[in-house]
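The following pair of complexes shares a single chain, subunit A, combined with subunit B in the former and subunit C in the latter.
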Partner chain A sequence: MKSRIPLALCAAVVLLIPVATHDGYVIQLLNIAILNAIVVLGLNFATGWTGQINFGQAAFYGLGAYTTAIATKAGLPWIVTPFLSVIIVMAASLVLGLPTLRLRTYYLAMTTIGFGEIVRLIIVHWEPVTGGTSGLRAIPGISVFGFGPQGQIQHYYLLVAALALAALIAARIRQSSLGRAMIATKDSEIAAEQSGVDTTRTKLLAFMIGAVYAGLAGCLYASSIRFISPDSFSGIQAVLLMTMLIVGGMGSITGCIIGAVALTILPEALRFLGQWYLVLYGLGVIAVIVLAPGGLASIASLIPRRAGAR
Partner chain B sequence: MFPISVKTLMVGTAVICLSAAFARESKADVAACPSPIPLGLTTALTGNLALLGTQARNGAEFAVDEINANGGIAGKKLALTTEDTGASSTDALNAMNRILEGKPLVILSSMISPHVFAQTESVTKSETPFLVGATNAKVTAQGSKWLFRTHVHDGQLADLIPEYLVTSLHKTKPGIMVVADDYGLGASKGIQAALTKLKVAPVAITSYAPSDKDMSAQLLEIKDKGADSVILFGRPADVTLVMKQMGDLGIKLVVIGNTSIVAQTTLNNLSATEADGNYAIGGMIPQTSTDPKILDWAKRVQDKYKVPADNFTVSYYDTVYMLKGIIEKAGCDKPAIRDALAATKDWKGMLISYQADANGDLAHTLGIYRNKGKTPELLGPIKESGF
Partner chain C sequence: MGQLVVNGLALGSIYALVALGLLLIFNTVQIVNFAQGQLLMLGAFIGISGAVTHELPVAMAWIVTMAAMAFVGIVFMVLVYFPLRGRPPFLVILTTIAMGIVLENLALIIWGPLPVSLPSPVRGPPLRFAGIVISMHQLFIFATLAVILLLQFLMLTRTRFGILMQATAQDLHTARLVGIPVNRTIAVAFAFGAMLSGVAGLLVAPIFLAEPTMGGSLGLKGFVVSVIGGFGNLPGAVIGGLFLGLIETFGARYISSNFRDAYAFIVMIAVLVAWPRGLFGEKSSEKV
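Up next is the complex of A and B:
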């Protein structure tokens, strides 16, 4: 019961934010933070729980966004696009995952970097379809049988609901046998295999579920921001997503959300420092990694422990 | 007598009323401006295009400081708020939303086209005049009546560079080499189309990623296919590398491209031999002027910011002064400013005159340059056809 009180308080704060502020800039920023949180939750399956370094998450995010943009601009109803995005990212993750997930550590990281670059190059050079480096604009918004969110606040509530659902599903998966297999694979692949876990299958599933999260977030991104270009899904974005996961707390659902929100908002909050904001931002990230290796999510658990030690 | 007196009375009344109305309106409009007058600017101050963004920011800021030092506009100072777009369109949109919260009278924005594409819908909804330097020809074709461009675009360059190469330099076997971003790839398509019209086929079409450091494979391909010239489109940093690597590989071909070839930041990193003889067509740069006032201005900008003024610095500087003139006449009514921008005709800037076309493009004069050693020389201005 006690553990539910902070959760209820958080939920109340989240729901009241648009009431407290009608600042369009703040709401838009939070919308982007929520989308990042969904992508990072996806990354957590492969990297946080299964221990596979994946720099391809931004590419899956982009694939979902471009699938949605191209489909809706071609006249397909929006309701079709989440399914299309899922099919495309599942196919892509399967094609990438099947031959490569037998690789470990740095080799897998290199492969996923390569995959991200291939996707970026296809987007940049397949201009008649993707709009090339100019991107795609005037993307139709979210609409289900003529109903859809209007304005940033309605988008905010929709995205909060999507994030809550994504977190709930992630929590259920974590509690399932698949979730336990993921953790076992991360702890020791050899030991997990000795215990009967099919580690290749587990890694592939973690990778594909993560890609689905990214694809669906991409679908929502394209339909709510209504403009996409390759620079939003580049290698820099892939590194940023990984940083969000590490800073928030690898393996923690709360950490994924905190990391994504913090690293989306922090650069904006530090804008008053002018060009120095990047220095402080970098120092902040280093400070978290050094002082709280378990990420921001671990800080809350450290405080009572330290208080008890006194 | 009677009809005359009525007529006189009516005309007289009309004249008095009109005079009073106009006198009140012009006075009231300037007086109605907020103090200070808020202007917004979003540009890349970090990331791989920070140099270009900084040069643009310098131009706008230098003009604002000058205007304020001279008493502002009707005694009201300008307040320029600048936000960094970073290197991504999402960040550019965030920066724009932040600028819009400050309810600026006019917004100046980036020379990076995807950033402007991302921002246009928000700015158009806010009904704020939006002045950009973005070089993709499609930027002003988005249908926003609030969007204007005060810098030349790659559509103009794509027409003029092949024409000059073929008809004036008599080169008919060019190789094309561009940076694989919005700027370079957009230009490459236009150049290929313009060459086709001139009945010339490029011997090689190549590109390199913005982060690439080694372009020797592309250069060797161009050389091996028997090119007599290279059409080069890129940013100063990568154009410098290309020209250095041409020297290292012993490739001696006529190079023609955008103003990165003659930019001070490029020439500072090249030897005289590497830079010599290369051509550029693009926005006007101040260093080639023979006017001592302009050279002094370029020196003052360099002294203040420690970064040379380039074509974007000139363009953004001119933009602020153009706005000053418009606000003095039209006041701080946004639709009136927009209408005045759309009606711009022969407004004399530092190096060129600006004239609005139906799309909202205001710059139609470009410069042809040639490096003599490390010194760019203006061979002459060249105008877009129809202007």
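Up next is the complex of A and C:
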């Protein structure tokens, strides 16, 4: 019960940020951070809970974004694009997941990296449709029967609501039998099978739910940032999403959000370091993995435990 | 046609060398090093610093590079391998990727983003044979691969070090208990693994030019080769490498050069769907 107070404080801070700052750049950055948090929450299903290494998450994000951008630019009403995006990413996650989810560790990592590269190459070279390396501009905004958010601050509140919903659904799934099956599959596939868990089905579901999160985040990205290019969904982005998950804390919903927001804002705050930033970034990731394998979320939870032990 | 075969095999030999470096480390500590491509890039740039900036003879630059890369390999082991012993492969993948990011950006700071060329250690007019042109550098690549392959085969099977390496790979703790100098064996494996990718870098730079970002895609090709051939499998790495070189060269010529980098992954996924442990099987699979 006492955990309600910090939660309420967090909510208040989140809701008051746009009042405190009118800097459009800061709000835009926060919007991207929130979208990343939704994608990382999705990644957490497959990687954090089920233990499947997935470097294809950025590609699903991109598929959702490009589907939405192409559809709305072609004149389709915005309201159909979330459904289109979900259909496309679900189909893609089935095509990738069905044959490859039985692969282990390095093999699965390589397959998902390969999938991401193939998607990126298609986006870059299918120029008439995707705009190639220069991307797509002037993407129509969110509009449901003529209503839609105007300006960055309204988008900010909409995205915060979307993230809260995404986190809530993730928490519900975690408590359901599917969520417990995911954790069991990660802990021991053999033991899970013995207890009657269909691990293949669980892995595929975790992978697909994660892809749907990414697809919907991509849909929101395209219609709220209004510009997309292949760079935002490249292999580097897949690695960054994975580090957000690890640095924040694998398996923890709060960890996913902390990791995504921190690692989206940090590069901008440290921009003055130039190229050195990425050197420090790499070393920082290694330090977190070595020193705090549970990520930032585990550091936070260590403090009360130590205090209680005294 | 014959020309494409020669070009494909030359490219494939380089992929095979990257895979051989991965294999050496994997066979000892069961770690797949996702920074192997960046080690290759580092080798190319150390060679360039020697041969171009300091005007050393190319052969001398090669020797300097080899020594420097052996050192880099050991530093790599201390920074990445020791803290990660016994951790899940997932964290190893991410740590080595992070190491790759560090190396790539250090190279950008040191050498700048512009592509640089390195002269080949061999000179002379290309051979012409039934309408096929084979450059001296391509011949040199084939010869290097053959020599390294022979040395690595002899080292792994005939020398004391090879046996120590295999024992370490089988079971680290037992190996230590029976008095094998485990850490020294692992250090040698990392040094050789880095040296091999350095050689690959020195061989690539005269053909493609060297730039700090070159490691990413070449490293991935090394893994694709390892996956196709089966991780830790020596003949698999070579055949897989040559096979991939041919596929890319022919695919770029007859299908589309835009998707040159995609063929590797498409073939890899197809192979994995049919044979989840690679065409030639994994060498010590129970430890992965």
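The criterion applied here is as follows: the second predicted complex is superposed on the first by the 294 of 310 C-alpha atoms of A that agree within 3 Å, B and C clash if a C-alpha of one lies under 4 Å from a C-alpha of the other, contacts with A are read in each partner's own complex, and residues count from 1 in each chain.
Following the convention adopted for this analysis, a contact is a pair of C-beta atoms (placed from the backbone, for glycine too) under 8 Å apart; a residue touches a chain by one contact, two chains touch by 3 or more.
Values in this document were obtained by computation on a predicted structure and should not be read as measured data.
Contact with subunit C, but none with subunit B, is seen for A:103 once the two complexes are overlaid on the shared chain. In the superposed model, A:268 lies in contact with subunit B only, and not with subunit C.
Once the two complexes are laid over each other on the shared chain, residue contacts for A:40 go to neither subunit B nor subunit C. Contacts of A:88 after superposition on the shared chain: neither subunit B nor subunit C is touched.
In the superposition on chain A, A:211 contacts neither subunit B nor subunit C.
Looking at the shared chain after the overlay, A:123 reaches neither subunit B nor subunit C. By the touch criterion defined above, A:115 lies against subunit C but remains apart from subunit B after alignment on the C-alpha atoms of chain A.
By the document's definition of touching, both partners, subunit B and subunit C, reach A:278.
Overlap of the subunit B and subunit C contact sets on subunit A: residues 124-125, 275, 278.
Only residues 45-46, 83-84, 86-91, 93-94, 97-98, 100-101, 113-114, 117-118, 120-121, 136, 138, 142, 180-183, 185-186, 189 of subunit B touch subunit A when the two sit together in their complex. Interface of subunit C with subunit A (complex): residues 32, 79-80, 83-84, 87, 89-91, 93-95, 97-102, 104-106, 108-109, 216, 220, 223-224, 227, 231, 256, 258-259, 261-262, 264-266, 268-269, 272-273, 276, 288. The part of subunit A that touches subunit B in the complex is made up of residues 23-25, 28-29, 32, 124-125, 127, 132-135, 137-138, 225-229, 231-232, 234, 236-237, 267-268, 271, 274-275, 277-278. Within the complex formed with subunit C, the subunit A residues making contact are 47, 51, 53, 99-100, 102-107, 109-111, 113-115, 117-118, 121, 124-125, 235, 239, 242-243, 246, 275-276, 278-279, 281-283, 285-286, 289-290, 293.
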